[in-house]
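Below are two complexes that have chain A in common, paired first with chain B and then with chain C.
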Partner chain A sequence: MYRSKSKAMALLPWLLVLPVVILRAFTTIYPVTKTIRDSFFDIRLLAGKNVFCGFENYIRMFHDPKVLISIQFTVIFVFVSMFFHITLGVLLAMALNMKFKGQRFLRTIVLIPWAMPSVVAGMAAKWAFNNDYGLINDLIRRIVPSFQYNWLIYRGSARAAVIAVDLWKDLPFFAILVLSNLQFISGDLYEAAKVDGASARQCFTKITLPLIAKGVATLCIPFTLWRLTSFDLVYSMTSGGPGEDTALIAYRITTEAFTNLNIGYASAMAVVLFLIMMAFSLINMRITGSKKFET
Partner chain B sequence: MKIKRISNGTSGKIGICIIRWVVFALIAFVVLMPVYWIFISSITPPGELFKSPIEYLPKHPSLESYQFLVSHVGLLEKIRNTIIIIGVTLIVGTFICILGAYGFYRFRDRKGVNLAFLFIVATMLIPEVVTARPLYEFMRKVGLFDTYPGLIILYISSIVPFTILILRGFVGGIPVVLEEAAAIDGAGFWQRMRYIILPLMKPAIATVCIINFISCLNNFFTPLYYSNHIQVLSVAIVQLPLRDNMYGVPWDLTSAMGWIILMPIILFVAIFEKQIMDGIMAGGVKA
Partner chain C sequence: MKRRTGRMLSLALSAGMALGCGAVPAMAESTEASGDYDLTLYSIQTTDPEFKDWLSDVESGTGLKINVIAAPTDSDTRQQKVTTMLSTGDSSVDIIEINDEMSTTFKNSGWLEGLNDTVMTDDVRDKFAKGYVDQMITNVDGQVIGVPSYTGYLAFWVNQQIMDEVGIKSIDTKDDFMKYMEAVSGNGRFGYGGSWEKTYVFNEIAQFVNMFGGDYYDWTNPHNKEAMEFLHELVQKGYTSLDQLPDKYEQMNPKAIDGKYGCWFMWGTGTDYANADMLGDDKIHMAMVPSFAEDGSRSIFTDSWSYVLNAASEHKDAAVKFLQYMTGKDGMEASYKYFDRYPARADLAEEIVPDSNPVKKMYAEYAKECNVQGRPMLPQTMEFISAMGTIFQSYMRDEISIDDFLSQAQGYVEEYQ
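Our next item is the complex of A and B:
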């Protein structure tokens, strides 16, 4: 009797955690293994091909102009977007931290872009940047009546537009997380600084910035990873256009895998992307000492 | 001298007050203007929509675009699909995550259990594009492609890591003594779960459900690639038919569909602002 009960107790933890573990294993371990395997094969469903080809897919990718453009824009996208995430994000967080009557309203409305699907933002943006009937040019024309510009058909402005929409949607989210860092700073520090005659600017550069710097740096890792795998926005807003100029790498991979059906090639790109992401997270764990998940 | 200083002080305060409201107005404008524009576009008759300048107060508001969505695009069916998938995902997903989170925390000193927990956290890093194609082929092979169970399995899987992370942290805040006392009084596992753990975890469960609701509504990749006929709202908006306009974007229908998705979101955000803020700050979830 006692024995069987203790056996049940030994099994209990596994009974509890197995459903979630099996579910996650099913959606990750097998597919990742298969993708790694496929990356060494030349699989083209349209041509009915499936032969081993070693590292050919990996070599080909760095000579493919389409992929190179994708990599180029992905790098630009990540750096420019992250630059504004950090600068504007800290400013927005401080605005959200202002103690005044509009605070709650402000915090509520900035959640809207975060909570809406990227595809809705993307579809609206596609039309908002239209020259004749879009919101953006309409607002500009109220100040400069003769303004005419078709944003999404030129490389530079299309890329800027994609980054702008990404910021519109995601900046509030970044700012809220910075805000949670700001709230940890004790008000006494500012009081003490004021007594010692510090200006508002000194308070910001000598107290606020140093105290949130580490938190903001930690935030940058997941936000960078999300930018690296960003797909929905470009899918709905530009479809990678004009040409391939706004095709982020995740969009490129998906197109190869599901439209062009070059599975081996797409797998190789996915593996490279995955390795880059792993490298980023390892650096992150080194920096933060992987304290986050210890309890 | 003294009087001057005081007046300086008050004018400085007024200055700060003005700056605050200017910042407030700027942020509110940038965030709300596009949302408002989507709304007024959705109630402007298509004939008046393709006009410049934009009329920010539509002269002849109409629900024509919505009626078209219902009669020709199957809006109600897509809303039903979305509700079924998200509803089942939230119920089943939350249930298995509560059990999992409890198991992961209470038995964290067992090596295997802790490794399994780290595995779940680590899988957060795997991007969808890496798993998409093999998973797609697998779902086809086992007949789960384009079915409710198939989609629900993938939806649940997508919310597991975040939910486990948050709930496990919360279980850690429940004193073991409470459970031990109940166990001495003869309460079995399920009784302790039902009368001690669940009531104490209610706020965390609520937060997790609210955020998961939003992230499920946002899920685009899964329904786009793992189903064909079962369409949810986020996919439907990119596959709207182009009615008689020459501009390449069915903005009349897109704005109406966009507003259908935005309405519950705005309502949710307005009601649950606090819980959402707490949840975001606790877990840094990506919608």
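Our next item is the complex of A and C:
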């Protein structure tokens, strides 16, 4: 009697999530399988083509200079952006964790960029980095009056500008989430450390960092995945330019799928991105699940 | 078990984020509440302050109740939305306004209804510019798929205040052009200004190729090389700025209005300049395109946005009625009156546009003195345009040589033709 009741209880959660699982199957599993299937076909809507082509799309992708540039920039974008998310995010979180007048106000306004839609931020950034009318150069010219530079016309500076806007927009959100981790650290620990003669630096490296490490590592999973699939910022800010230098892989997929209507080719790229994300997620989960992060 | 389930759910979430391209995007939102409408129009004009007056005129002229959906103002987004609608057989929109890029892309796709028997009958078709109709909006079966809503030129614009300042009266030849460049350029001002974003610069590449007597579909033609080296020289000598590389028209026009450019090419009748109180014979105005070719010929591009009928439409009778109205005097007059759109039919332009309008005189001169052509486009239009724009930007930034540019350009022509 007790056993069958406990069996029914075990099934109950599955029953409750079943509607969501069905919905997910329709909205996720179907598009995924359809995309994998399409990646083996040469589907070009404008040419009226839809023929099986095996791995041709995959082979073409790794010989296509546009895709290679996109992959290169995506790797740079993800690593540089995440590096600064972590370093600056932790610093900002610590600053927001300090007690000072106006702390609440600062915590609120710091989130404003994050609340702004990416497309709006991208369009504003396009103007902000304009040499003639932009806010950035205007600020620089207050210190160096003869300063002239158009950020969006050279590969390096255009890429730096895109990464800077991405950081400006999402870093505060990352910092607020780190802040929530910081607030779980008991003040007693710091007091005890101080009694034992620990310096501020030692407090940070021996108490703060180890205690927020798991939280930060966990945050890195969605934040990295968002960077990998980032599309709207580049779309509205640079259109992938100059040339193809700031075309992130998600932007390239969208262009191939919806502008050029090369559905098969776009699907192959999407599958590769999917595999990269899957591998990345597994690595991340392995790291965050390891004993190093047990507290 | 819990961890494994969690992993699976995370992966599913990742997949959902990564693989958006299998899903069908949602339809654009209507600007009006749904109701009993005779047809739905997908329009690019909804941001015009006089749009409602235009719509009211058209509704009373046709007797149709028209639902309007606003097309995105961004060209890439707009093209993607229209492409998605047409390629998925979406019947929620009946009439769509499309530009030359889209008509070249879609005219042979079967997604647009042929209009030869209903709207663009022989007698009506003959009243539009034949070259444009044949080249841009006629499909391989000889069916005309659109009704041009206006006539436009990629006009040559000059800043008269700057011309007066440097003492140059006209820019008629290549020598005049270069003298003007030299006189104007310096101190943050440039003789020539452009919109060189990779999907916009195509207009100017093709314009200069034509001006030098080249052929956009043949990059082995020495005149093409001459044209590209000429543009490169303008950059090298500081007569035009690399800063315009990310500029679309919305970035270029403020610079033109602020007197940063001596001359430029631009579509339309100068609404932005008029709004800034900078349009006029003594300020910014259209001028005759200079002649660069050895034979003294002048070249200019014409364009239009056309109303097309979605083949999946369920309101074809109403749509045909709308299109017929747009080919006639009332339809063209409404467009001219409310949107400043120059009538696409020459006979009606003569009737509708007053002689006092300087555009009328200039357009008549363009038609008389220039070799008027539709822009060179290939079926994979945006892909081709973007590819050409990308290598152009690379050449202007000295990342590739002129020979690399020419061979890659020829490669793209062969790939997309």
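Keep in mind that, in the parts below, the second predicted complex is superposed on the first by the 263 of 295 C-alpha atoms of A that agree within 3 Å, B and C clash if a C-alpha of one lies under 4 Å from a C-alpha of the other, contacts with A are read in each partner's own complex, and residues count from 1 in each chain.
Following the convention adopted for this analysis, a contact is a pair of C-beta atoms (placed from the backbone, for glycine too) under 8 Å apart; a residue touches a chain by one contact, two chains touch by 3 or more.
Predicted model only: the values in this text are computed from it and were never measured.
> Superposed on chain A, are chain B and chain C clashing or fitting side by side?
Pair status: clash.
> Could you tell me if A:254 is touching chain B, chain C, both of them or neither one (first, second, both, neither)?
The answer is both, since A:254 touches chain B and chain C.
> Give one of first, second, both or neither to describe whether A:108 is in contact with chain B, with chain C, with both, or with none.
Only chain B is touched by A:108; chain C is not.
> On the A-aligned overlay, A:152 touches which partner chain: chain B = first, chain C = second, or both, or neither?
In the superposed model, A:152 contacts chain C only, not chain B.
> Is A:20 in contact with chain B, with chain C, with both, or with neither (first, second, both, neither)?
So A:20 only meets chain B here.
> On the A-aligned overlay, A:232 touches which partner chain: chain B = first, chain C = second, or both, or neither?
first
> Scan A:38 for contacts with chain B and chain C and give back first, second, both or neither.
The answer is both, since A:38 touches chain B and chain C.
> Touching A:132 in the superposition: chain B (first), chain C (second), both, neither?
both
> Going by the contact rule set out at the top, does A:168 touch chain B (first), chain C (second), both, or neither?
First partner only.
> More residues of chain A are touched by which partner: chain B or chain C?
Of chain B and chain C, the partner in contact with more residues of chain A is B.
> Just to be sure I read the superposition right, which of the two partners does A:241 touch: chain B = first, chain C = second, or both, or neither?
second
> Chain B: which of 8-16, 134-142 or 188-196 bumps into chain C?
In the superposition, chain C collides with chain B along 134-142.
> Overlap of the chain B and chain C footprints on chain A, residue-wise?
24, 27-28, 30-32, 34-35, 38, 126-127, 130, 132-133, 225-226, 228-229, 235-236, 253-254, 257-258, 263, 266-267, 270-271, 273-274, 277-278, 281
> Mind pulling up the chain B residues that touch chain A in the complex?
Residue list for chain B touching chain A: 17, 20-21, 23-24, 27-28, 30-35, 37-38, 49-54, 96-97, 99-100, 102-108, 110, 112-113, 116-121, 123, 125-136, 138, 153-154, 156-157, 160-161, 164-165, 168-169, 172, 189, 214, 217-218, 220-221, 225, 234, 237-238, 247, 249, 251, 254-255, 258, 261-262, 265-266, 268-270, 273, 276-277, 280-281, 284, 286-287.
> Can you list the chain A residues touching chain B in their complex?
12-17, 19-21, 23-28, 30-32, 34-35, 38, 92, 95, 98, 100, 102, 104-120, 123-124, 126-128, 130, 132-133, 135, 138-139, 141-142, 168, 172-173, 176-177, 179-180, 219, 222, 225-226, 228-229, 231-232, 235-236, 250, 253-254, 257-258, 263, 266-267, 270-271, 273-274, 277-278, 281, 293, 295
> Please name which positions on chain C make contact with chain A in the complex.
Residues 3, 7, 10-23, 74, 76, 79-80, 83-84, 87, 105, 109, 197-199, 242-243, 245-246, 251, 254-255, 258, 260, 379-380, 382-383, 386, 390-391, 393-394, 397, 399 of chain C touch chain A in their complex.
> How about chain A: which of its residues touch chain C in the complex?
Against chain C, the touching part of chain A is residues 24, 27-32, 34-35, 38, 45-48, 126-127, 130-133, 150, 152-154, 221, 225-226, 228-229, 235-236, 238-244, 253-255, 257-261, 263, 266-267, 270-271, 273-274, 277-278, 281-282, 285, 289.
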